[in-house]
Each structure stands twice: as C-alpha cells, then as structure tokens.
Amino acid sequence: MRISDKDDGFTRRMPAHFRKWVPAGGICPYDDCTTLEISYLTDKKKLRSYIPEEFEIARPLVMVMYEKCNGVQWMGGSQYSVAAVSVPVSYQKTKEPISGVYHLVLWEDKTEPIIGGREEAGMPKIFADMPEYRRRGNEISVNISHEGRTFLEMDLLIGRAYTPAELVDVNKDNGRAVQFGWRYIPKIGPYPGPALSEATYYPVDNTFTSVSECTGSVKWTVPGPHDHPTQYDIIAALADLPAKEYLPGSYRRGSTTMRMDLAHSLP
Amino acid sequence: MRISDKDDGFTRRMPAHFRKWVPAGGICPYDDCTTLEISYLTDKKKLRSYIPEEFEIARPLVMVMYEKCNGVQWMGGSQYSVAAVSVPVSYQKTKEPISGVYHLVLWEDKTEPIIGGREEAGMPKIFADMPEYRRRGNEISVNISHEGRTFLEMDLLIGRAYTPAELVDVNKDNGRAVQFGWRYIPKIGPYPGPALSEATYYPVDNTFTSVSECTGSVKWTVPGPHDHPTQYDIIAALADLPAKEYLPGSYRRGSTTMRMDLAHSLP
Amino acid sequence: MRISDKDDGFTRRMPAHFRKWVPAGGICPYDDCTTLEISYLTDKKKLRSYIPEEFEIARPLVMVMYEKCNGVQWMGGSQYSVAAVSVPVSYQKTKEPISGVYHLVLWEDKTEPIIGGREEAGMPKIFADMPEYRRRGNEISVNISHEGRTFLEMDLLIGRAYTPAELVDVNKDNGRAVQFGWRYIPKIGPYPGPALSEATYYPVDNTFTSVSECTGSVKWTVPGPHDHPTQYDIIAALADLPAKEYLPGSYRRGSTTMRMDLAHSLP
Amino acid sequence: MRISDKDDGFTRRMPAHFRKWVPAGGICPYDDCTTLEISYLTDKKKLRSYIPEEFEIARPLVMVMYEKCNGVQWMGGSQYSVAAVSVPVSYQKTKEPISGVYHLVLWEDKTEPIIGGREEAGMPKIFADMPEYRRRGNEISVNISHEGRTFLEMDLLIGRAYTPAELVDVNKDNGRAVQFGWRYIPKIGPYPGPALSEATYYPVDNTFTSVSECTGSVKWTVPGPHDHPTQYDIIAALADLPAKEYLPGSYRRGSTTMRMDLAHSLP
C-alpha cells in the first residue's frame, strides 16, 4: 500500500491507510444552530501581541461567541457546541486585503470537529465541556469548563427582536463570515521549528431565521496550572485582556454552511 | 507577533500565537496503567493492503490492546483510556530495519492526547467512548462505543500470573515498545495530495509490576454509515480481517513513559 | 433537630435534615420541549400481565415517546431527556373511572428528575444515556443506551404538519395528559412486602406550537444480564411485546407544565 | 396483575410491575475500592441543628470521604464514585445505644446506587459529577462538581504507610462501619407530612489491603441558586460548618461488602 505517492489524486486523513478519497466539495450543512454573541473593547497593544503580524486589527474587540450546532450533516445529523474568542482583522499579504475574524481560540465539545478544524484548516480548536445553554425567561447563560471547573461564563439578557429588514441585512451575501487561523504542525521530537506553518482562510455561510439584540457580559476564571495544565496559560492570557466597554450582542437562530470548498492556505 | 519566523528556536502548538516553548525533553510519565491485550492471526494479504509499503509485516497478527492510564503527569495526574489495533512490522528504509508495531488505529477517550499524538507523532488516534473495564472474578471485559453504540468488545479470562523471572524478562531493555505511524496532513481546501506525509517513529518504555496470562476474544460490530459517518468504514475494514487463531493475551499493571524525546520522522 | 414530628406543617426530601419547606404549588414549567412519539398494537394478554388489576386497558397499545426538555425552570433553565413506554388505561377504583396512560417505564438521563418522580409521584423512572435526537432532512432518530450499548432505537420520518385547526384541537383542555404510576417503597433489609405501595395520579399540561405526523418504528435490543444487570429483564419484557401494527406517530414542539399541585395517591 | 397484595412473599422495586423477587441475602461485594478521608472538628451547636434528636453526637467532627468503587458485582463489575459527609454519632432509642456515622449527605455519580440507597436504606444520596482522583507523586486531589462548577475539593498529601499490626487493627471485626440515615418519603401532591419517615441502620464491611496516613484539607464553594437550584442550600449549610482543626486522614485500598442483609429501620 502506498501513502507516499503524492500525485495519486487522493487526499487522506489519519489513519491515512484507511481514509482516502478524491477531493470534491467540502460544503457541510449544519441545519439548526443557536448562537449567542457578546463583545468588548480591549487594550489594543495587549491584543496585538497575540495576532500574527500578517493581520491588521480592524478594531480592538474581543468577540465571544457560543454556538450549539444541531443537525450536523457530516456527523449523521448529530450535534456539538462551540465557544469562540475572535478579533476582527484584515489580512494584508494578498493583493487586496481580506476582512474577517482571527480566532484566538475555539473550544468545542467533540473531538472530530476539533481534529478536522485543526489539521484541515488551521483553526485553533481545543476541547472543553460545555453543558447546553440554560434559559430562564429572557436570561440565557452558558458555562465552559474543564473536568468540573468552569473557566468561562457568559450571561446574556435577550432584548428586542430584529425587524424583517434588519434580518434581510444580516443574511445578505450568504451571511458570510470569513475565519482566519494559523496552521502550525511541529517537527516530530525535540526539535525547534515547524514542519508546517501558514495562515489560513476558511469562510462560513449563515441563514438566520431570527435574531435578537442582547446585553450581557462574560467572566473568566483562570484555573491553576495543575488543574488544567494544557490550557491555563491560554485562559490567563484571555482573562488579562481588559473588558473596557461591552457592545450589544445577539441571540441568533438559523442554519450554517461550512465552506471547506473555498478554504485555502494564505500566501 | 511573528509565528512565521521558522528559525526562532521555538516550537509551537495551535493556538500557535499562545503556545510556544524551547523544545527540551518530551519524557512523559504515566504512573499507573492497566493493560489488556489479545491478538489473533489473520489473512496476510488483506492485512498487507493496509500497511504502507515501507513496512514489512513480521507476522500477520492483529494485536488488540486496551489501556487505562492513570496518573498521567502532563495532564496534572488525570486519566484517559486507549484502545489500539496494531500489527508487528519492521521498517525497511533505514540502514538497519527497525522492529515495532504499526498502529492501524488508536481510539482514545480524551481529545488532548488525540490531537497531540496525531499532530506531533503521526499516531492515527480517533475518539471513542470507553467505560472503564469491568471485572467479575477472573473475567474482564471492555466495550468501546460511539454515541451509545458499541463497536468493539474484548472479553478476557485472567489466568496464571508471571513468575518473577518472566517479569524480569518483559521489563528488560526498559520494556521498550516501538510504535510506528504515518503522519498525514492534507492541503487546505478541495485539493488532492498532502501538505505533509511521512512515516513516524515513537517509542514507549514500560515497567510492569505484574503480568498475568489471558485467554479471550474480541467482537466487532460494524455501525451503519449514518450512525457513525467518520469511522464506520475503519471498523468495517478491521471487522473484515478474519480471526484465524487467537494467541494468548495478557493483563498487565505498571507504569509507562512516553518517549517523545526519542521520536522522529522516518526517512 | 426533629424530623420525626409528622405534624409540623413541613414536607421534606432526603437529606431530610437539610431539605424542608411548607408545601405550596408544585407547578413546574418546561419552556421548550421536543417530543417524538410512535405506538404499536400488541398482544393484549401479554400486556395485561404488566398492568396492575386496578387499571383497565383502554387499547392494547404500546406508546413509545422520546422528549428533549429544555428550559426546565426548577433546574435553573437546564435540560434533560426522557424516553417513556406507556399504555392507555382507565383507573377503576374511583367513583368515576379516570382515563390516562400507565407508564411501564420511564428512562431519563439525569438523576434529579428520576429521584423526584419515583419518590414523589411513583413514576417508574430509571436511568439511561440518551444522546440528543439526530436529524437528517425529514429523518429523525434517537437511541437509548446503557454504558455504550443501545437497547432502544426510534426511527421516524416526519410527514404532514398539522393544520391550525388540528393544533387547536390537541391543545384544548390545557393539552392535559394524565399519567398513572405505582409508588412502591420496600421494607429495609431482607423482608418481603412493601413499606409503601399505592397507585398514583400525576397530570401534565402541554401547549404545542407545532405538530407533524410521523411514520416509523422502534427496535429493541436486549442486553446480556452482565451487561446491564438491573434493567435487562425490563427490556426483555418490553421487547417481548409484539409490534402487531404501527399507528401514525407525531413530532411535536412546545412547552410543558408538570402539575405536581394536582398529583395524589389513588385510593 | 396484583401489586397491591402485601403478603405475597415478594419484595419489589419500581417499576414494581416488572421487578419482584423473594428477598434473600443482600450481601453486595465491591472488589476494588480506593478511599480518601479527612476530617475536621467543627462547631457542635451548628452541627447539632442538622442531626435528628434520636442521635447523640459522639464528637463534633465533619468526616469527608471520597471513594472510587470498582468491581461492583451487582453492576456487572462496573464502577461508581462516592463523596460522603458524615458525623460520628450514637443512636439512643434502642436498649443499647448503637455507634456509627450519620450521613449528612452522600454524592454519587451514577443513578442506580442513588435510588437504591435512598429508597431501600434512607441514605441521603444525591447526584454529582466526580472525575476520578488525580495523583501527582504523593499528592492526591479530587473535585466534585455540578454541570461544570466545582463545589467541593479535597487535597491530600500521602504520608506514612500503616504497619502490618496497624492494618490488622483496622480490619478487625470485619472492618465494619455502621451507617445511619433517615428515610423520608413525602406524601404525593402539595400536602405536608411524610408518607414514610424513619431512622435507618445499614452496615458495611471492609477489608483494607493498604492504608496510609494523610494530611490535607477540603474547600467548599457555594454555587449560586440558579446554578444549582436543588443543592446550593445543602452546600451552603456544609460550607458554614467551620473547620476548627483538621485531624489526620487516610488513603486506603481494599474491598468493601455492603450488608443490606443486616439493614433495618430503627425504632
């Protein structure tokens, strides 16, 4: 069996001896998604230290988004949840700059979208437990945890629903959101430098059936190093970005389409 | 912030803007491990079709191993479980052939060792739920499942304990086991061919405090494509390898040391 | 501290030294529920052997219902899932017979509603894992499992939506459903006979915002005695009730109100 | 079918139409248990307010115990974990007082032992998530949580191992521990007073294969009422019992036998 022939027309995934196919498409529908989002202005200089120099910060904004994804077709109609922390940026190395969000981190509660997102698109996904959001009247809350220790809480109050005209507006241009990441695969063993290191582009289309304004806030709790050895420093860095001013957030229902067919490495 | 400078002396992991260090060591102790192993002779021709041509099959043996790992130091003393399906091989492209096992698949029940093993060593790790092994007298059983559907069962009967002399024997040369994998990272987007594709070498040392012989068998149940879209074909391929003859297995207690400091890509 | 004073005006729950209150109300809103239901005609004689003689079987029907409950107010807006197997009956020992369903079993995936339902209303609740329902187009499926082994599957095809007039009809009289159970608390220690044994009445109100017809079926898989020691005989009894003819089922969205304020022991 | 005949020689469990047997025995072996225990002197007056007047407090001690139970035979060799908070007492209403521990609360992470313990022995068991204990060298830690929020942490340092003579001593008289509880089953519906209310007696035998001394402490974190509606007040009451002085704890391995054959209601 040959994996090492690079020009056989196939793409593969690990275990590469079992999983190969002729690449085609990559359009992944998620039929039923619920999204909570809130953002806050932060210190631009601190933020700058976490954004690769190839990107320009459009606004020193920390966007915190939680999404419960149902009806995920590539998972047989199953579900998973996401918590993303992102920054609005533009990529500067292409002829025309490209606008989008750079993900500082993406937590997800299933392994398969994590390994796919990391290896195939450079999305900085890591694992967390996230019980489904809770709702009491107009209050919605979410908490993200590791082995029984919550490190991120989001508490929102749902306000005014969007008018039909506003809804049309958020859905124009396929409701497209452009995601940027940085794919980094290390050398194997105790050697410095990457085996692969590059900026990545990965768009997502959305059709929102309802959107409401929200107010609210997030709370970070930094775990001890022994309690969460592989992520406490990530959480500490995020918790250290001050929330200078909260902007209005949103509560959205709709469907999402992952556009792997349009994804690519950036020059 | 620069990730793109490849000669800064650092290695990184995604999110690469947060996680960087000067590589050093990579010796990871697992203080308390329980291992169950059973193997069976299979059809060599079928098996050959899943082993990259760089490896020679030492014996047409399917080795099925379950391990409950406790006291995992890099996880703060926490735990995870592994189920491995492997084949004894030797790697042929080095000056001297290297003996070891080629992993057909490794299931684990936590995300972090999965993404580390895949990205940093080419280990073909994927996720499964695995309740801790059950024990009733000398009967030990394990079942591996996806969203409530068991696809692999291992039922063993514990027999005679190893003598001290036999125990010394399994522990000689650091109880070293050599693992081979194939690291494959695809291009981003709908394009054939890899961004990275290579055979990998990753040894593990073991100190067994007790070993007992076992007899037993495994049972594969192939899930429907919709029930387990990303793994049903892997399980079907494994289930299709006939169990011609079972060999004696073992039940082992001890500690394990992952030797990432000795891991490397193969030529 | 006195628990033993039975006339202090309080009701209690275990731990009874911590949990006491003046009983009042018992109306529990569940804001957002999704229900899947399908039923089949079975052998009346076999069915009769599981229904206490105080009840008359209205129709020899096995009703299998799955419900995902969100926005459960008494759980702080959290969620749980239910799978119920029930039979339409009427209770005969009251002056006027009362119509409702007798629950053969109720599986739930959280402990708190299980212990409440058993101790406070005689609902025969036991635990199972139930991943959220999956949806692919008009196909909805659910599987109920124990430690990785599925014992009940429900596969439905969603059909025609109810007209507004039909929707009004299912919601009339508060959409009330009457549940019957049998509360049985044994003596402590190895003695025959109950400490408490009685038929129970517990209504539920529903407001459905949408209903669709469904077709489909269920599949029972009886686990081995060692695989599921405390439930395999329950599942075997249910699997032994033949599915002679399936009736149309339904897929419903709406809200539910548990009416503990109206619950009582039956004479 | 008759459940209502109280003298048929059977005992039953809900669902009582499915589950009946002639009572006999009730000896339940747990083959492989790991126990961590630490205790502290507290305010006797506060403690008194949670102990029924039928019991005398032997010493104003809060005993906090965590146990990982493996090889549970009545669960097919499966596992569960327990966290108990108990007080040494003697029961005063029998001719001779009986010494034992009164459980303020027992958290467990599986439903079946919870419903059995509550209904069949008056043990005040409620649910919590508890990841298996972590070990780093001689440090052992455990955290108990609800939906991602830790409310109890135990951090111990393992010290000196018991001598063979000390081990003989802890195992004498079958290593018996007497547990007391209070079984309380309410009336159904919004009515004050119990349907059943009584003190209970339930012994456990132990064979310890190793014991080590421990030092350490526990930490309580009281959740918000909405975060944990059914337990926050229990946790608040426990957190309010001051830790005046810690006593030496222990780390124990061995087997346990639940003695339901000796359990009974107290007069």
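As written, the chain order gives the labels A, B, C and D, with residue 1 at the start of each chain.
Quick note on the criterion: a residue touches a chain if its C-beta (ideal position, glycine included) is under 8 Å from a C-beta of that chain, and two chains touch if they have at least 3 such contacts.
Just so it is clear, the structure is predicted and the values come from calculations on it, not from any experiment.
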Minimum number of chain-to-chain contact steps, chain B to chain C: 1
Least step count from chain A to chain C, where 1 means the two chains touch: 1
Taking each chain's C-alpha mean as its centre, the one farthest from chain B: C
Between chain D and chain A, distance of the C-alpha-averaged centres to the nearest whole Å: 43
Chain centre separation in whole Å, for chain D relative to chain C (CA means): 29
Euclidean distance of C-alpha centroids - chain B vs chain D, Å: 39
Shared-contact residues (touching 2 or more other chains) in chain C: 76-78, 131, 134, 136, 141, 147, 226
Topology of the chain contact graph, where touching chains are joined (line, ring, star, complete, other): complete
Residue ranges of chain C touching chain D (in the complex, touch as defined): 1-4, 6-19, 22-26, 48-54, 74-78, 103-105, 110-112, 114-115, 118-127, 147, 181-197, 200, 202, 225-230, 233-234, 237, 260-265
Chain C-touching residues of chain B, taken from the complex the two chains share: 129-131, 134, 136, 141, 143-145, 147-150, 226
Touching residues (chain side chain B, partner chain D) in the complex: 31-32, 70-71, 73, 76-79, 131-132, 134-136, 139, 141
